[in-house]
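There are structures below to look over.
Two complexes are shown next, each including chain A; its partner changes from chain B in the first to chain C in the second.
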Partner chain A sequence: MSLRTILRKELLWSRHRALALLFVLVLLPAAFAGASVFFQSTLPKDAPVAVVVEDDAVSGAEYDVVAASFRLFSRPVRYDSEARALRDLERETVYAVVSVPPDLGDPAVDRVNMTVTIDGDMTPYREPSGALVSVVSATMNRQLDTRVVVDREVRGEERKLASYLLPSFLQILVFTFAFAYLPYNLASEEAVLDRLRVETSLDAVVAGKLLFFTGLLAVPLLVFHGLGLGLGYGVNLLAPGAILAYGLTFLACGAIATAVTFASGFGTTGRLLNVLVLFAFLGFSGLVYPAGFFSPLRRGVVRLMPTHYAMVVVRGTTLRDLPPAEFGTWLGGVALFALAALVPLKLAMIAYERGT
Partner chain B sequence: MAGREATDGDGLPDIPRLDPGAVAPIRVEGLRKRYGNVLALAGVDLTVEPGAFHCLVGPNGSGKTTLLRTLLGLVEPSAGEVSVPDARLGTAFQRPSHYDQLTVADNLDVFGALADADAAWAETVLARLGLDVVRDRIAGELSGGYSRKLDLALALQKAPAYLLLDEPLGELDDVTKLRLLEFLGAYRDAGHGVVISTHNLGQFASYVDHLTIVHDGAVLLDTPRESLDVPDGELQELYVERILSAASESDGEG
Partner chain C sequence: MTPDGRALAVAAVAALLFTGLGAGALLLTADRAPPEPYEPTATVPAGVDYVGTVNLTAYRSDPAVANGSRASLGFQSRVEFYAGPPYLRSLALSPPPNASLDPTNASRVTYFGRSGSRYGARLVVANWTGEAAAEALESRRGIGFTPETRRGYTVRRSEAGAAVAVLDNGAEGGPVPRAGPRLLTIGNASAVEDAVDVAADRAATDAEPATLDGDLRREYRETSDGYVRFAYRFRPSTVPDYPFVGPAVRTIQYVGSSYTLDRAGTNAAATPAVRVRIHITSEGAGSADDVRNILAAGQSFYLLQSSNDTLKTELRRARFNVTGRTVVTEYESSPAGLRVLVRGLFRNQPEPESLDPPASAEPSSSGRPPARGPA
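Take a look at the complex of A and B:
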């Protein structure tokens, strides 16, 4: 009998928690199931590859043959400058650089060497690039009389997956800190907000909270860096560009999470919504696999996410030791995103103050 | 003024005196506040004099808390004027409003710094409210009485010219109630204004200088205590009669 009563109580409870249950039982599963459309391929089949014409002697037809052979396994993009192509390789805009040599179409030439350059730090692309080279080599030798030898050249050392993932895991922590811990901490102090509003201002309280927690990120940053050193990963997580990217990412995400918290009046809806937003950022920031690996739809979304560029900056500065100036525009974009995130935050705070 | 006259001679540190004449009154004119379809305040006119013990009394949902929060600047009026002098306001809400994870001393430290409080005064508050024995305790682990005293101590950090308290005696035991009342009386006697929002006027009867009865978002009665020809023990009855009479009039109109 008591079990029946308890079950009845649960039923009564669920009637009063319809919104939370709708989120947990309908929206969240739908988001997970729906997210499957973003995983349409397991290997990148249309990752952008820079095709550089080595000199003017390369004819249009020769370029077309090369581009066509790459098109089977990637998306060739024509570059006129190798330096620009290599720069874009570092910025993860392309994942390989192909130099088209002259004389490809000259039947008098017995053998031509062609180089596909990949970045040793881009660990997830290592195996796909091997497959790419094999496919391109077979295709070109089938189409041309000249024997084409496709060489795969790796820039820098070939990085192990474990060290490649270190900066990504820290970024995952930053997101979790912003969307889970910060709102929890804020909610635990909700009762004090009225007093704080009398004694100071909500602006000062929120600014203090965001700045303090951004500063706290120094601790996990040092822990990750120390462990990386200890494990011999060769990852410089203390690179200024990375610190800036992590900090700006936290500020932006923290502002969004705080805005959601205030907009929901510290309610359950806000907490659940923050979880959903966290999943969105985890799924669409290109944290582990770079954007070019995804299906066209997911790639399109990822390319719109400022946090994707923050992740590229982090990888570039921590794995490849690139100077932050190399990513000046993207860091500026992430900073603008952080500033823009303050607008909904301010509006949510105004709404909260008017509603209480 | 009713209540205790002296702040000295009780072995406790003194409350600094304030000249009420140097502080402007709080004035409210035509104050209205609407939350959606609910009219919480329906045109309230009110003056709170400095150095007085002012009771805002009314049943639950009458609008007194909204009125208090409006005076504190926490609620934006839908219409009307609120003039709060450039004097320091201190407040304690119905719900505990302090950092649960910090100790009593840490809470006082934080809010004392925000209020730019004088260290000697902070110690006086601690001693007068009997909080010194729990200064190192985590605030979230305090009993209801100490929790309420802590909120009062935080409100007092800047030695406010007006102390605005929402149901300050709720759920306290009789001894703690008595001590808090004595303190509030002494604070008033030292020249500071004390504004109490309550539905239990009887508890404050011997301290009241001015009485405002609020009902359905409007002021039903606003008068100095001395103009009421009833003893302290009958103030609560007077209030209940007024409310019942207003309620039956409303029912009649309805």
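Take a look at the complex of A and C:
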């Protein structure tokens, strides 16, 4: 067979798989290129920080000066209670708590101390926060007559990056399991599914598969936990809140991936689409970096993703040993997301059954 | 044709002739339509960097307007970091003692020019002749003017580089609805000649005058109703070095200002105000946000540190908005507070007082030494 013949065969093959090629060669590159707009800076320039007024003696102008100084590299949010600000620091709603001291504008006062509190478990923010404090300190001292000493206070132990990343990597595995392995497994069993439908309903078959794969997650969970213990990371991946968050995340993502698989008739296009969705979840769930790290646009998208809150719950319960009840609302939201994901799954299955 | 027929034909031709002649006579004797008034800026040549106007009638009649106008003009003269429009004594307000000019006839001065250049002139709306204006300049400066003709207009030129021309003598309409010389241009010879060309093109029906256009024209129009109006475009090379975003800032345009008097309440309580608009264009929307944040931070520091309550009130009215990649800064202040605000905005710029007025660094358009006073 000559090269020319082979090339002609490839061309004919391409014609028969135009949709898959369109996806791989056009849609996928466009999605990746388009995603680049979400990445604008390499510093957390838009990460929310709580600005708390220490007492009633602080004037509005003093608060404005502090907030404006932080706005250069953050998104200041006004808090009236330090306790609430610290609680939101643990929940990653804000990434630092700034206490505005009184007397900033008093020319009779020579020196004022200001505290910026960060969470020691939020490893990727630790170094940038040091730079942030330096910039704010320099700016304020250049502009104000009063000398301002900005102290950076780290709350809790300063966690190493390796242990910080452990829960994130497990979440990445959960996404990959849902969007890559599950569709592959479904496609490989397409013929078996038809036979099983004779004896039971497709709903039961799919529900059983989702539940089985959710249970299978226990294995990597134990592996991660064991390795974490062995390496002395001090991460409790078996915290009930984390297990719940991982499980709900897999159910939601598995339902989406299964819906795509059925809707595409177990075809290659469906698998490629699942890969695209996988990248979207990986990129916009705030798995590693704080929301607002790369751009305000990305922060907005991240804050809309239920899987981001699942990740925050996992970090809160595994790294900070917070009780699951602390994240009751967010876990409920992730559960609702998982339930909502069952709707397109059911629709896709109905369409599949009618088609076959 | 019978004799009767011939008589009828002659009568008809005669009637037609009489009718035609009568109609022609009526057309010739009928009043011509009154000429359309136009803004002096219609005679400003294209390609200038700044254009401004001073309302001299209000200046003469109201001390508050005069004080505010002086301050506003003084600011404008330095606003291009700081080499702005000429800021010289004016024939319209302080003519030489022996001049035959009546300054009360001058109602408005429009000035234009190019930054960092001698190119510039004033368009004076006044009931003056070109000869009287040239004599007044001769008297003040000791220079002679020689009349030349350019496209039907008389341009009086001096060897020192100044020139005077009457652009509109009232016959074709103009900015003042009364007879007599109406619009003169006085200034650098090149600028005066360009203004003459624009006026000639305006008068010609088949030529399109190359006059003020584009962004500068729009910005000038948006200064609307001030006693002192000013629109300008900065050169990009004068962009200050902002902290954190310095290289991202592309241009800063002092796009316009107008001086007004708030007449709400009693006349004595009138509050003078200069409305200023400045556009800062950066490389992208993100850096525009950064610039806005920096400006807002500067505003906060001023509000905390300043002991001047009036300035604080003015500062609170300052607005910094982002439109695309442009930060639009707008504020209104008393002429005295304006300098402080602008220094805060244009970070790291020197105090205006520490610099020589621009005309001392190089000769003004008319070659005169600088002196305090409006255009």
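FYI, the second predicted complex is superposed on the first by the 355 of 356 C-alpha atoms of A that agree within 3 Å, B and C clash if a C-alpha of one lies under 4 Å from a C-alpha of the other, contacts with A are read in each partner's own complex, and residues count from 1 in each chain.
Criterion: contacts are C-beta pairs under 8 Å (C-beta built on N, C-alpha and C of every residue); 3 or more make two chains touch, one makes a residue touch a chain.
What you see is a predicted model, and the numbers here were worked out from it, not measured in a lab.
> Quick check on the chain A-based superposition: chain B and chain C, clash or fit?
Partners fit side by side after overlay.
> For A:G105, select first, second, both or neither according to whether it touches chain B, chain C, the two together, or no partner.
After superposing on A, A:G105 lies in contact with chain C but is clear of chain B.
> Once chain A of both complexes is superposed, is A:L72 in touch with chain B (first), chain C (second), both, or neither?
It touches chain C, and chain B stays clear.
> Considering only touches as defined above, state whether A:E62 meets chain B (first), chain C (second), both or neither.
It touches chain C, and chain B stays clear.
> Count the residues of chain A touched by chain B and by chain C, then name the partner with the higher count.
For chain A, the partner with the higher number of touched residues is C.
> Name the contact category of A:T139: first (chain B only), second (chain C only), both, or neither.
A:T139: touches chain C, not chain B.
> Tell me the contact category for A:S81 with respect to chain B and chain C: first, second, both or neither.
Neither partner.
> Counting only touches as set out at the top, which of chain B and chain C does A:V192 meet: first, second, both, neither?
A:V192 sits against chain B, while chain C stays out of touch.
> Quick one: classify A:S295 as touching chain B (first), chain C (second), both or neither.
second
> Rounded to whole Å, what minimum CA distance do you find between chain B and chain C in the overlaid structures?
Shortest inter-chain C-alpha distance (chain B to chain C): 50 Å.
> Show me the chain A residues, by the header's touch rule, that chain B contacts in one structure and chain C contacts in the other.
none
> Would you mind writing out the residues of chain A in touch with chain B in their complex?
Those in contact with chain B are residues 188-189, 191-192, 194-200, 353-354, 356.
> Report the residues of chain C in contact with chain A in the complex, numbered from low to high.
So the residues of chain C in touch with chain A come to 243-244, 286, 289-290, 293-294, 296-301, 303-305.
> For chain B, which residues are in contact with chain A within the complex?
Touch list, chain B to chain A: 69, 72-76, 89, 91, 93, 95-101, 111, 114-115, 151, 154.
> Going by the contact rule set out above, which residues of chain A touch chain C in the complex?
For this pair, the touching residues of chain A are 40-41, 45, 61-62, 64-65, 67-69, 71-72, 104-105, 135, 139, 143-145, 295-296.
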